[in-house]
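Chain naming follows the written order as A, B and C, and within any one chain the residues start at number 1.
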Amino acid sequence: MQDFRNAFSLAFELIASLDANLLSIVGLSLRVTFAALLISCLIGLPIGAALAVSRFPGRGAIVVVFNTMMGLPPVVIGLLVYMMLSNAGPLGVLRLLYTPGAMVIAQTILVTPIIVALSRQVIEDLDREYAEQFRSLVVPFPAAMAALLWDARFALATVALAGFGRAIAEVGAVMIVGGNINHVTRAMTTAIALETSKGDLALALALGIILLLIAMTVNAAVQGIKASARRNAYA
Amino acid sequence: MHDTAALREAPPVSPPECLRTATGRYPLSVRGLSYSADGQDIIKKVSFDLPSDDLTVLMGPNGAGKSVLLRLLHGLMAPTGGTILWNGRPIDRALRKSQAMVFQKPVLLRRSVLQNLRFAMGLRGLARSRGDLEPILKRLHLQTLADRPARLLSGGEQQRLSLARALALKPEILFLDEPCANLDPASVQLIEDTIKQAQAQGTKIILVTHDIHQARRLAEQVVFLHHGQVSEITPADIFFNAASSREARAYLDGKILI
Amino acid sequence: MLSKTALSAAFIAFAALQWTAVPASAEDRFIVIQSTTSTANSGLLDAILPKFKDKTGIDVRVVAVGTGQAIKNATNGDGDVLLVHAKPAEEKFVADGWGVKRYDVMYNDFVIVGPENDPAGIRGMENATDALKKIAKAKAPFASRGDDSGTHKKELSLWKSADIDVTSASGSWYRETGSGMGATLNTAAGMNAYALTDRATWISFKNKGGLAILTEGDDRLFNQYGVILMNPEKHAAVKADEGGAFIDWLTGPEGQQAIANYKLDGQQLFFPNANKATN
């Protein structure tokens, strides 16, 4: 396969030349993904923690719903967000369609269920350890949740990483709501899809390699933080 | 409702022997208390009174229901039947706030020693500057460990921190569930001394142990539990010489009780 | 305390959204055109749009999808200008009131590509329907867009003229990829199938594999592109002034010249014909 060899040398050339187009695409991908991840964590962590520590009728159903939503195809989410943000849709007045904001919304919907489902698991495990002590200390519900979230923060970093992975690698949703507009909403994944459809497989693969390197860097950084936390027995 | 804050802050008005009158400040009355789980009766319609503030040790063979009874008295679990009255009041949130418990296996936050204390004290709105915490850290020989991650401490250090945290809350009643199991002798000594001191300062102590030597060192009265029922409640000096129940005598003789 | 937390959370979320927003200067004046993959992927729009921006300061943002989806998106009011290639569907779009008026812009042609060894034996044929008949007779694999795009509509009309019912062959030798032109060509290259493609996409396509142009030149393979301003009476958000300016430029001498000048590997991909049209 000629394309394989070309892809690696092309990826290297692109990185070495700090191609301006590439930088703007990578920048957009990272900004959209981190913004979506941040919002997802703000929404998802409290829900996950609340689900972990409380028992009420219907809780099991909610857990099942969030677990199921983890597997929702991105295209479906993209379609739903498109229908909401379209000028013909209820939120058309926001004029968000075909903007990075729309991509953030789609990815937030994509990532939040992951954060909820996985953080619930992490916090439930920690709560099993803390629950009796907290009951003895008479810790109020909000303070217990805050303490669990804080003490689980290094385990939750892995949860966020899972969300990051889903968001940065996702193409179906951002393609529909972003429109893959050059210099505006073209992200790594939509650029890869575009180059593939142009038949430029080497360039598509080169972009894929760069995406992989970025994901690897983020993973390594989180791993480093966790390792230092483990030395303090905080994780 | 009595003013608990005033009582807590008041220095012991008289030496412990004077405190140990027929009725203490925190009389306990238990009536028809039962607890069952998974179809098993763990506590079986138990009724007893602990009117005095004597240092009470719950003894009994494994599986007698000591830990469960302790948790019921602290309100950690809801009984399946019967009543528990502290000073004539049923257990509620406010009452539980005036109690504290040290568990057999210390549960510490993934934070430093100091932050563990601060977290607990913050819950009661108590002062928690480093200076404020200095005495309790010193009391349990933790002052050099203040900034260490709590979960990197040794077993003895962890249990000392656990006791420090409980006492930092200035509880009226302190429950301890096998606090010294598998600890180093120095830590055991320190913990026992601290428990006695707390009692002298007016805290009612209820301790579960099956270490007979520890019971002898600490107990002023013994509640002996067997098969989820109270066999006897006896002042310690009498209990260790001439326990009245057959079960307790057998247990003290080192026989295996089934 | 809780409401304060919620408030700061909302603030952070808002800041995160802002952070992703495009810098204001780029946002000032822009239009969105719903267009097809053939115009975008061939590089035409990338080549000519900067000229329009230099002249007017209006940024043109291109959403490149199949003609069917482009028209659907435009019907929803998502965009200002439609630039596609399926004349009957475009005329219906205008007749239904979604568009103001349709103008011819340019044309090129479709070609039938297929494997070099040409199992159906259509090489050099000029009659497109006869070529399709031979493919059907040989039951040689044929990769169809199957996505309601302009190319797909054209292909279906050719099968109809050839009097061949491809629906019954679907899944056997007739394979509907349900995706864009590029993806369909990738599939065709992968399984040595025949396919109908517009010439611009074919020339700019880089993964030709063992495929080559086998049939071309039939009048029925003519591929006309049209441009339509979306109707601001249907969707108030339509930027009629900017969109109108773009259409004027594209169908005017400067735009037409820019289209004619765009070449790839020395070949002209699109042929301007706005003046020949009935506007």
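As a working rule, contacts are C-beta pairs under 8 Å (C-beta built on N, C-alpha and C of every residue); 3 or more make two chains touch, one makes a residue touch a chain.
A quick note: this is a predicted structure, and the numbers were derived from the prediction, not measured.
**Q** Give the identifier of the chain nearest to the protein's overall CA centre, each chain being represented by its own CA mean.
**A** A
**Q** Look at all chain centres (mean of CA atoms) and spot the one farthest from the centre of chain B.
**A** Between chain B and the rest, the longest centre separation is with C.
**Q** Which of the chain pairs holds the record for C-beta pairs in contact?
**A** More C-beta pairs are in contact between A-C than between any other chains.
**Q** Can you check how far apart chain B and chain C are, centre to centre, with Cα atoms defining each centre and the answer in Å?
**A** Each chain reduced to its C-alpha mean, chain B and chain C end up 79 Å apart.
**Q** From the mean C-alpha coordinate of chain A to that of chain C, what's the distance rounded to whole Å?
**A** Here the centre of chain C sits 32 Å away from the centre of chain A.
**Q** Hey, how far is the Cα centre of chain A from the one of chain B, in Å?
**A** Inter-chain centre distance comes to 48 Å.
**Q** In their complex, what parts of chain C are in touch with chain A?
**A** Interface residues on the chain C side: 1-2, 9, 12-13, 16-17, 19-22, 26, 32, 37, 41, 46, 61-64, 73, 75-78, 180-183, 185-186, 189, 204-208, 235, 237.
**Q** Which residues of chain A touch chain B in their complex?
**A** 129-130, 132-133, 135-140, 143, 147, 151, 232-235
**Q** For a test of understanding, state which residues of chain A touch chain C in their complex under the given definition.
**A** Counting only chain A, the residues touching chain C are 28, 31-32, 34-35, 38-39, 42, 86-89, 92, 95, 97-101, 103-104, 142, 179-184, 194, 196-201.
**Q** Taking the complex as given, what residues does chain B use to touch chain A?
**A** Touching chain A: residues 74, 76, 93, 96-97, 99-101, 103, 107, 109-111, 119-120, 123, 149, 151-152, 169 of chain B.
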